[in-house]
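Residue numbering begins at 1 within each chain, and the chains themselves are lettered A, B, C and D in the order written.
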Amino acid sequence: MSEPTTHRLQPEIYYYTFGPNPPALRVRSGDRVVARTRDARGYDETMAPLPEERKQRHPDCEYCSSNPLVGPIYVEDANPGDVLAVQIEAIQLTRPSAWSRHNQHFGCFTGEGPGRRLLFNAPVPEQQYDWQLDLARGVGRLALPNSRIGAVEIPLHPFIGSIGVAPRFGRVETALTPGEYGGNMDCIETRAGTTLYLPVWVRGAYLAFGDVHAAQGDGEICGVALETTAEVTLRLWVLPGRALEWPRLEDDTHLMAVGNARPLWEAIQIAHLQLVEWLVADYGYDRWEALQVLSQVGTMRIPNVVDPAYTAIAKFPKRFLP
Amino acid sequence: MSEPTTHRLQPEIYYYTFGPNPPALRVRSGDRVVARTRDARGYDETMAPLPEERKQRHPDCEYCSSNPLVGPIYVEDANPGDVLAVQIEAIQLTRPSAWSRHNQHFGCFTGEGPGRRLLFNAPVPEQQYDWQLDLARGVGRLALPNSRIGAVEIPLHPFIGSIGVAPRFGRVETALTPGEYGGNMDCIETRAGTTLYLPVWVRGAYLAFGDVHAAQGDGEICGVALETTAEVTLRLWVLPGRALEWPRLEDDTHLMAVGNARPLWEAIQIAHLQLVEWLVADYGYDRWEALQVLSQVGTMRIPNVVDPAYTAIAKFPKRFLP
Amino acid sequence: MSEPTTHRLQPEIYYYTFGPNPPALRVRSGDRVVARTRDARGYDETMAPLPEERKQRHPDCEYCSSNPLVGPIYVEDANPGDVLAVQIEAIQLTRPSAWSRHNQHFGCFTGEGPGRRLLFNAPVPEQQYDWQLDLARGVGRLALPNSRIGAVEIPLHPFIGSIGVAPRFGRVETALTPGEYGGNMDCIETRAGTTLYLPVWVRGAYLAFGDVHAAQGDGEICGVALETTAEVTLRLWVLPGRALEWPRLEDDTHLMAVGNARPLWEAIQIAHLQLVEWLVADYGYDRWEALQVLSQVGTMRIPNVVDPAYTAIAKFPKRFLP
Amino acid sequence: MSEPTTHRLQPEIYYYTFGPNPPALRVRSGDRVVARTRDARGYDETMAPLPEERKQRHPDCEYCSSNPLVGPIYVEDANPGDVLAVQIEAIQLTRPSAWSRHNQHFGCFTGEGPGRRLLFNAPVPEQQYDWQLDLARGVGRLALPNSRIGAVEIPLHPFIGSIGVAPRFGRVETALTPGEYGGNMDCIETRAGTTLYLPVWVRGAYLAFGDVHAAQGDGEICGVALETTAEVTLRLWVLPGRALEWPRLEDDTHLMAVGNARPLWEAIQIAHLQLVEWLVADYGYDRWEALQVLSQVGTMRIPNVVDPAYTAIAKFPKRFLP
């Protein structure tokens, strides 16, 4: 096969919504895209803030200010009913620091979020945490002055926190609320070596991404991971007629299906049903036998219990495929 | 006061989303709007279908096909941080029939909806129910050939099922999913004599409405009410600087606050917190004394447990206001 | 029919669980029981506390200290698979005062309860509210020194907050957590003129009750109603072979079915399914026609969103029965 | 230290509830217990059924028929406010077969369970699956006649599905519904090499266990794992005054805390809050620094989304302890 076209994407405007915003780039199936992402608050690798005039702005309304996105990328020949396969080739961290944060009204314990203040809740003490990243060794370090341990050093595992296409039904969604289109799933598995399959809902797909995390635990309990910047390399493929209802992922070892919903149990149901459907449609499994095997060998990860929609991933080991 | 300007709105295009779609009408605070709505499937008072070319269409994507909306109405001087007060002056039913429907994959018992198929569920038997409306007597009649009772005749209480403004954060939402902007709340109280207060999130507000119900029970359990057409008369007022987070309603007897969310308990929390806030901000109640009184005299209605976001209304009797 | 036997029940021991505790009374189907209940904290009509030695105690464990119950009443000829019909003949308030309370870690806004502390929550300010009851006029009055209104006077509507039988499967449950056996449902409808139908799970039924409320709003939002004492008169009937899965109620105007569960949506599903089943089994409704009619004329009340299981009541107007 | 006393427990009666049932054995802190468990339907290692007269039976009521338990074990000197540490020394599978099952009205997709039938749901096709266990190689094999793959062979990882003490507040709970006392948590981590910490709610603790699984996936999606028999060896310790609210586990690599509740989000909150509390109380972590580190390095497993209470486990790697 011929060498793919590589596009270097330098966004002028960063968007805070997933939707058919004016494309920043047009590509074809098989092309490669390389782009530098800003962190969840818009800082770049030098910690320079994102200038106001480069943020998605409309004089008539305000935007949720988390997760500025690179894109959108318009994929020629991507039509509703197709799948956009996003092969994550590399995520190169580009800054020796990441920050995390406890916000007063966000996170698993508060149950709150932008636009959803529960006025009787105690605010969580607002606090920023500055992690130093040793990119050569692949670790992050945080001083803990109030704890006996004094500091921790944790392995880094960079991944894309927010990546999706324009949503279904003409919806435009914030970069904070994942859904049937992907979005802010905070999925550890969205890393180099994984292919992400996204349903195409709007012709052109309108892929956008950002919010790279250097590390994160399950659930993203405090609401914020190790937020940093990266250079992301993706290869994009259109799979015609492979209609999906929800995102999926695949790597060397697992088939994975995603549900994004509230309540969490619904996200779990969606993910597991999609995984069974995949086993039936593509791997010759009988539906009920697939349910039995999945029930005994499947694993489940809960990436996010903090966003307006929660995320669940159901995973099936490929060693049990024919 | 001078006579308000009355606008007769005849939509060319019916929208299936709430958002800053091209305005169908521009009005000023204090104006009156009269419009004829189509039913949830787009039929008019003669049961003529909505022609495809008059539906919100975009060549690049499909829309959820429920609840075509009249509007949007651009309200001059409505700015973010203001409230749009919608005084519902009249809802005149215009057709001697309404239909309801059991859909295979929608409703309280299935937990499904557009884009959310739970593949292992039994489909509910698809069935249309044709109600005859006697508008003079204000009753609806349904033949029940398989039941001992043979038929029922129920009182009608027309109300607007879907009414809202452009959502927050630049979102565009389907006419099926209510939220912080109003929308498909299926609220019985959204009837003549009630004023609905909607937060203005986008300058101009972009009010839209449709989906009038001739009658409906709590929860909208089967997913569909008595769907029909009506002529709706609204008076619109801008209340500057009266910022709200969620919709509210008011009639002669009650203050009411609305939560639209999943899970339902969250919608209930939102509604009750907003109601307490209202009592504190406008009626001189101490926060905790307001909580106590509300806990003893408040009522709660659950209009919808079928849509992608559920609706709860918390109600406080005005007889307990100073 | 001959005059029913009337039993005056003066409990020696007050139980804090629903289960096959040693019966305080044995009755037959058709008998009447009159008993004086203590309030939710065990005070009697003179505000005398419940002595420790008269509380259900076991040297080996502690009990949840809310809702001391009168009973249990062993009903001869009540067998598993039967229904115990509890005809509530009278609830006579017996004290000119009721108290309510805000507890630090209980109520709709905290989501906490006994054994379920969410350590990061703000405690709600602990506060007792003393309501004066004018039993002749049927109103309760509360001074509100911190609010502009100064005081409120509200109508009383006494009802039984906790009433149930021994649970299913050999379970023993606290007087705080309702379930398939009834229990702490906090149902406004559990008042004079209503008949409560409880499934018999254990031979003898083991009916117990207490926790009379002088008044209460939907949801019992702060966690506590107007707690007071009463003399309760019940007539008990065994309906053989009329097996139920969940409690039901009936009065002059409505058939009602109850669900007690978390999450709330599940309680709502249970209640509505049971109501449909009732219409089919006893009133000749076709299942799907019953669903349609219920969807259009049904009402729903949410008595409690504070206890370890939430309660939902689905109601069907009897005017639509053959 | 002197050799611990080893008790071989041969139950006469198998209980279907967790509660202060008549003890089958009395032990002291430090003792070892060895017992053979029956499978979830009561079959022993020869597939002989459990005779009716050896099942917990009461002439007055029926029991939920899943998970017959070995015990209860009365632990001398175990008092409310203490912790019972259960050191799982060995789980030796004793039968070359396991069965799994799809039941009509149970499992993640139906949302149903004993006593909770949703009458409109499609029954899942009832089907038993017979797994052959090669205990020497530690694998299980299932023929899949309707699937292309033909059969699967999966690694075994035996663990105890149900283990707990008498519940709190005088409750008696089925062997199906986990809670603040442990119970049917279906936790993969409850395996040899792990210590389970259970709060003592009733003097004597009344430990019981059963329901060993040869293997299981996250969520126990179909409702049933690989059910089989085993010989279980436990060492029991009383930790005086180490009061817990919820169960915990510990192995070589992780501290783990458990929440058992509905909705699942509540179980997740409970588990994570308990884990933070543990880090603060025993490891000198500052509360907010613990939250930050847990948010970045914690993992979460969801063992069960099928039982009347769901289970979540929050896990903290011990490498990040001082």
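We adopt the following convention: a contact is a pair of C-beta atoms (placed from the backbone, for glycine too) under 8 Å apart; a residue touches a chain by one contact, two chains touch by 3 or more.
Please read these numbers as outputs of a predicted model, since none were measured by experiment.
*Asks:* Let me check something: if the centre of a chain is the mean of its CA atoms, which chain is farthest from chain B?
*Replies:* Most distant chain from chain B: D.
*Asks:* Consider the two chain pairs C-D and A-C; indicate the one with the greater count of contacting C-beta pairs.
*Replies:* Most contacts of the two pairs: C-D.
*Asks:* Residue numbers at the chain B-chain D interface: does the shared fraction exceed half, giving same, or fall under half, giving different?
*Replies:* Same: when the shared numbers are divided by all numbers used, the fraction is over half.
*Asks:* What is the distance, in whole Å, between the centres of chain B and chain C, each centre taken as the mean of its C-alpha atoms?
*Replies:* So the centre of chain B lies 34 Å away from the centre of chain C.
*Asks:* Distance between chain A and chain C based on Cα centroids, please, to the nearest Å.
*Replies:* That gives a centre separation of 47 Å.
*Asks:* Any idea how many Å lie between the Cα centroids of chain C and chain D?
*Replies:* 33
*Asks:* Among all residues of chain D, which ones touch two or more of the remaining chains?
*Replies:* Expected reply: 109, 118, 120, 124, 263, 269, 273.
*Asks:* Okay, in this complex, where on chain B does chain A touch?
*Replies:* Residue positions touching the partner: 16-17, 19-20, 56, 58-64, 80, 111, 114-120, 166, 168-174, 180, 201-204, 245, 261-263, 266, 269-270, 273, 276-277.
*Asks:* Residue numbers of chain D touching chain A in their complex, please.
*Replies:* Interface residues on chain D, with respect to chain A: 100, 102, 108-109, 124-125, 127, 129, 140, 142, 144, 146-150, 152, 154, 215-226, 263-265, 268-269, 272-273, 283-286, 288-302, 305, 310, 320-322.
*Asks:* Which positions of chain B touch chain D when the two form their complex?
*Replies:* Going through chain B, the ones touching chain D are 109-110, 118, 120-122, 124, 263.
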